[in-house]
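Two complexes, one shared chain (chain A), two partners (chain B, chain C).
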Partner chain A sequence: MDRIAFLLATGLARGLVIALFALSLVIIWRAARIVNFAQAAMAVVAVFVAFAVTALTDSFWLGLVAALVAGAVVGYAVERWLIRLVPARTPLPGMIVAIGLVMVLQAGIGIAFGPQHRPMAAPFSEQPFTVGGVPVLSPYDLFVLLVALGVVGGLALLFNGTTLGLQMRASAMAPEVSRLLGVRVPRMVTLGWMLSAAVASLAVLLLVPTELGLNAHSGDVLFVHAFTVAVLGGLDSPVGALVGGIVVGVLISLVTGFLGAGLAPIAVLALLTLVLLVRPGGIFAVKEARTA
Partner chain B sequence: MSSSTPRLEVDGLTVTFSGLTALDDVGFTVGDGETVALIGPNGAGKTTVFNAVCSLVRPASGSIRIGGRRAPATPTGLLERGVARTLQGLGLFESLSVLENVLVPLSGRRDGSGRDAALETLQRLDLAADAATPVAALSYPARKRVALARALATRPQLLLLDEPAGGLGPDDIAELADVVRTLSAQGCSVLLVEHHVDFVMDVADRIVVLDFGRVVACGTPDEVRADPAVEAAYLGLEAAA
Partner chain C sequence: MTTPAQRRRAVLVRSAVCTLLAVGATFVLDSYANYQLATIAAIFCATAGLTLLVGLTGQLSLGHAVLMAAGGYGYALTAAPLADAGVEGVLRILGGLLGALLLAGAVGGLLGLAGARLRGPYLAGLTLALVIALPAISTQVPALGGAQGVGVPFEGVPDALGGVVSIEQWHAWVAVLVAALAVTPLALVRSGRSGLRMRAVHDDETAARLAGISPARVKTGAFVAGALAAGLGGGVLAVVTQNVSPGAYDLAFSLLLLVAVVVGGLGSIGGAAVGAVLVVLLPWLIDTAVAAVGLPSELEQRLSGNVAVLVFGALLIAVTVVWPGGLSHALGDRIRSLTTRFRPSRTVPQQLTER
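Showing the complex of A and B:
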């Protein structure tokens, strides 16, 4: 029982990071109808900037801010100078270009920084608290959990409580109608890319201290899990990303704890297959997406 | 804009699609507070005129002037030129609430007046009780009112209505006619595309009849009704039906 409580708690913390990354995929899908396969590679570029800032200033917090800013800048650059040039009649060209971008970015990082993993210190202890003799979340897990919940809450507020969020939702649902209504759709798409890349960068930054360290492929597994979550929840559904992220995080944690880490990816893919068989659009998918 | 400058001036408008002429030398004006109806059989080019006015299609030749100035290069600029439009397919954001739909064109206002304007418009069109309801849950006539509310909320000087009476019952059409007459009395110019001939004859000050992309008649409802070319192109078909 103690073990289950511990695995559930750590699964929740990890699941929220996955949910954050999945949310970033949902944001970009809603804004531009692209499954951005380059999301992890772009985020890793931003986290390398954060790594450099942290190394120079000895401050994790300045690194965190740098990751957000660098993520937004990378998102802006990729959208304005690459994706905008790609024909958008179907999602396929954009996806292919994104896959190409993964190769370029990962090769570039590899050439610049080498293949080694660079350890990043967590700003809080990773030793779990014990409650009634049962080890649960570590201070760092708690920090991750609070940051993730804060970002999810902030995004919900942005999209549901501000005029900018309303414009972003409208332009994602029906770009042509939105243009007729005075919404500057290209600007909304750029903002979507910036926001999405910043959130993804934050997710990778939060994960790196608990993994082997930072290298060009640090975001790859997170991307696979988050992509699974986004498909599970429905690419259009922020709620689906949140719930799906927690489910997958807990699943990974339980399978790792009871059956071994090697089986965790298989469990995630089995879950993905099951959901695709039962509800191909995703559990939280809504029928209406771009019907306006 | 001087008082003699039409709110909308379409001159020599020609639009082609892949070599096919959709509009051929179309010209007409809409004055301040005037209601002009574009009628004609399906495929006559009525919606293409709307799309050209809204900068959704690029004319091969001709000019479109709104308030004496050239039409904006992109649809995004229509709002600040005082132009609003409804769409034949309504174009509503189905998963957004009624209020959110009406707020979208007002969302660029920085003074926070958008919400008040939206609520006032919903009140005016008897939609206030449904403000929080997702559009997808509404009946078709109510959805049409939402589309109209979204256009009216910006207080346009030129309103383009694409088949506003389509799918409505007699009571709703009578209400719609009242709204159009009120707008006209307030100085709003209205250009409408409509198949419902009685509605058109009721509200239009002038009618422009299109057939195969050309203007075949233009005049008051009585003049157009008496025009044999119109009877052949459109009203005759309606009468035969």
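Showing the complex of A and C:
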């Protein structure tokens, strides 16, 4: 029983980081109707900037701000100078360019910083509180929980409660009509990229202190998990991403705890396959176009 | 205008000429170059299938390395019992390749069934998850031998050829012949009726369905055809390297296969061959060049491997943005414009539909 409570709590903490990254995939899907395969590599670049800032100023909080800003800058640069050049009639060229970007960024980081993992300290203790003799969440996990909830709330407010959010959703759904109605569609797409990359950088920054450390491939597995979550929850739904993230986090934690760490990637693959076979577009997906 | 029979004959002649040229080249090349030729042939099997899959049906698979791995494991798991039973030489290779075909075909069939239901990013994500899970799968299934992988019985030069050809040359022959067997059917599919169906499904699924084509069947078929060829490639690689391990078939290798088909030109078999040559020779050339410069060892360690990935990533982006047809189209158009310049013009029939 104690074991289950501990595994559930660990799964919750891990799932929140995955959910946060999945949220960034949801944002970019809502803003531009694409799945960005380079999201993890872009976020890792921003986290390297944050790492440098933290090392210089000795402050985690300045590093966090730096990660957000650097993430937004990377998102801006990639959208403006790369994605705009790609023909957008089918999703295939965009995906291929994103994969090329992953290779360039990861190789670039590898050349600049080498293959070793750079450890990063968490701003709060990672020692879990004990409730009734059972170790549950640590202060750091609580911090991650608050950040994730804050981001979800903020995004819900942005997308559903502000004119800017309405314009972003409109330019993703019907670019031509939005343009006729006076929405600056390219600017909205750029904003979506910046927002999404910033949230992804935040997720990777929160993940790194709980893992081995920072290197070029720190975000790879997180991306696969978050993709699974985004598919599970539907690429259109922030709440779905949050719930899906917790489900996947708890699943990984339970499988690791009871069956061994080796089975966790297979469990994620099985879950993804199952969801995609039952609902090929994700569980909460809206049908995009009619087919014969 | 060409008839289907003429096109078929042209494909067969072309593949026979290429095979003979490659076999002839093994006599000129030294042993390491022969080893590289064998690797290129093995990778060509996979890229030829992938180029059909991505270029003709528009299904992006990031997990083609897993299909090659399935072929390699299929080979190893069949060849080892055959070796215990005393079967030797060409017969054992053929038996192993049959195992490679069966396992890769089964995995490819399952993926194809999934692929028929999924659109672009979802299929790419699923195959990505599969590549990431491959090391875990190989650890969990005892027969696959975990991270060390499985050994493959050594294939020596047959007695009839002993003293005439070296061992690397013999392996290169096996690889080239298997590549010919794997790629020729794909080339026939591409130029034939099935290729037309694939293009139709890619261009407009609804229109294809109205014309009586089943997109699900076409997509699954393309996946299985690509998987069988990739499986043969994996089997050949197992013969050449005498080992199959998950480390050799990681995400980086999968992406390398994608680079090969995109840079060569999506949908073009010749492009797949050019791409296969590129992904084998370019990293080797870069590493040789880096080693020749004589940098400090720490820097050299960082550069080795990474520079090639950097170049490949940049190529992937540049080709997609600047040259969407890839090298084969860019060069092919040049050559075609040269040949038409010196050829007497014929009266062109009014065929608006022929592209």
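As a convention for this text, the second predicted complex is superposed on the first by the 287 of 292 C-alpha atoms of A that agree within 3 Å, B and C clash if a C-alpha of one lies under 4 Å from a C-alpha of the other, contacts with A are read in each partner's own complex, and residues count from 1 in each chain.
Assume a residue touches a chain if its C-beta (ideal position, glycine included) is under 8 Å from a C-beta of that chain, and two chains touch if they have at least 3 such contacts.
Every value quoted in this text rests on a predicted model; they were computed, and no experiment measured them.
A.B. asks: Label the relationship between chain B and chain C on chain A in the superposed model as either fit or clash.
C.D. replies: Taken together on chain A, chain C would fit alongside chain B, as the superposition shows.
A.B. asks: After lining up the shared chain so the two structures overlap, which partner does A:L101 touch, if you call chain B first and chain C second: first, second, both or neither?
C.D. replies: Second partner only.
A.B. asks: Anyone got the angle at chain A's C-alpha centre between chain B and chain C, nearest 10 degrees?
C.D. replies: 90
A.B. asks: Once the shared chain is lined up, is A:T90 touching chain B (first), chain C (second), both, or neither of them?
C.D. replies: second
A.B. asks: Looking at chain A, does chain B or chain C touch a larger number of its residues?
C.D. replies: Ranking chain B and chain C by residues of chain A touched puts C first.
A.B. asks: Just to confirm the geometry: in the superposition, how small does the C-alpha gap between chain B and chain C get, in angstrom?
C.D. replies: Least C-alpha distance after superposition: 14 Å.
A.B. asks: Overlap of the chain B and chain C footprints on chain A, residue-wise?
C.D. replies: 291-292.
A.B. asks: Within their complex, state which residues of chain A touch chain B.
C.D. replies: Chain A reaches chain B through residues 163-164, 166-167, 169-170, 173-174, 176-185, 286, 288, 291-292.
A.B. asks: Contact residues on chain A for chain C in the complex?
C.D. replies: Those residues of chain A that touch chain C are 34-35, 37, 82, 85-87, 90-93, 95-97, 99-108, 110-111, 114-115, 220-221, 224, 227-228, 231, 262-266, 268-269, 272-273, 276-277, 280-282, 291-292.
A.B. asks: Can you name the residues of chain B that touch chain A in the complex?
C.D. replies: By the definition above, chain B touches chain A via 54, 56, 74-76, 78-80, 85, 87, 91-96, 100, 103-105, 107-109, 114, 136, 150, 154.
A.B. asks: Going by the contact rule at the top, pick out the chain C residues touching chain A in the complex.
C.D. replies: 54, 58, 60, 62, 114, 117-122, 124-126, 128-130, 132-133, 135-137, 139-140, 205-206, 209-210, 251, 255, 258-259, 262, 298, 301-303, 305-307, 309-310, 312-317, 320-321, 324
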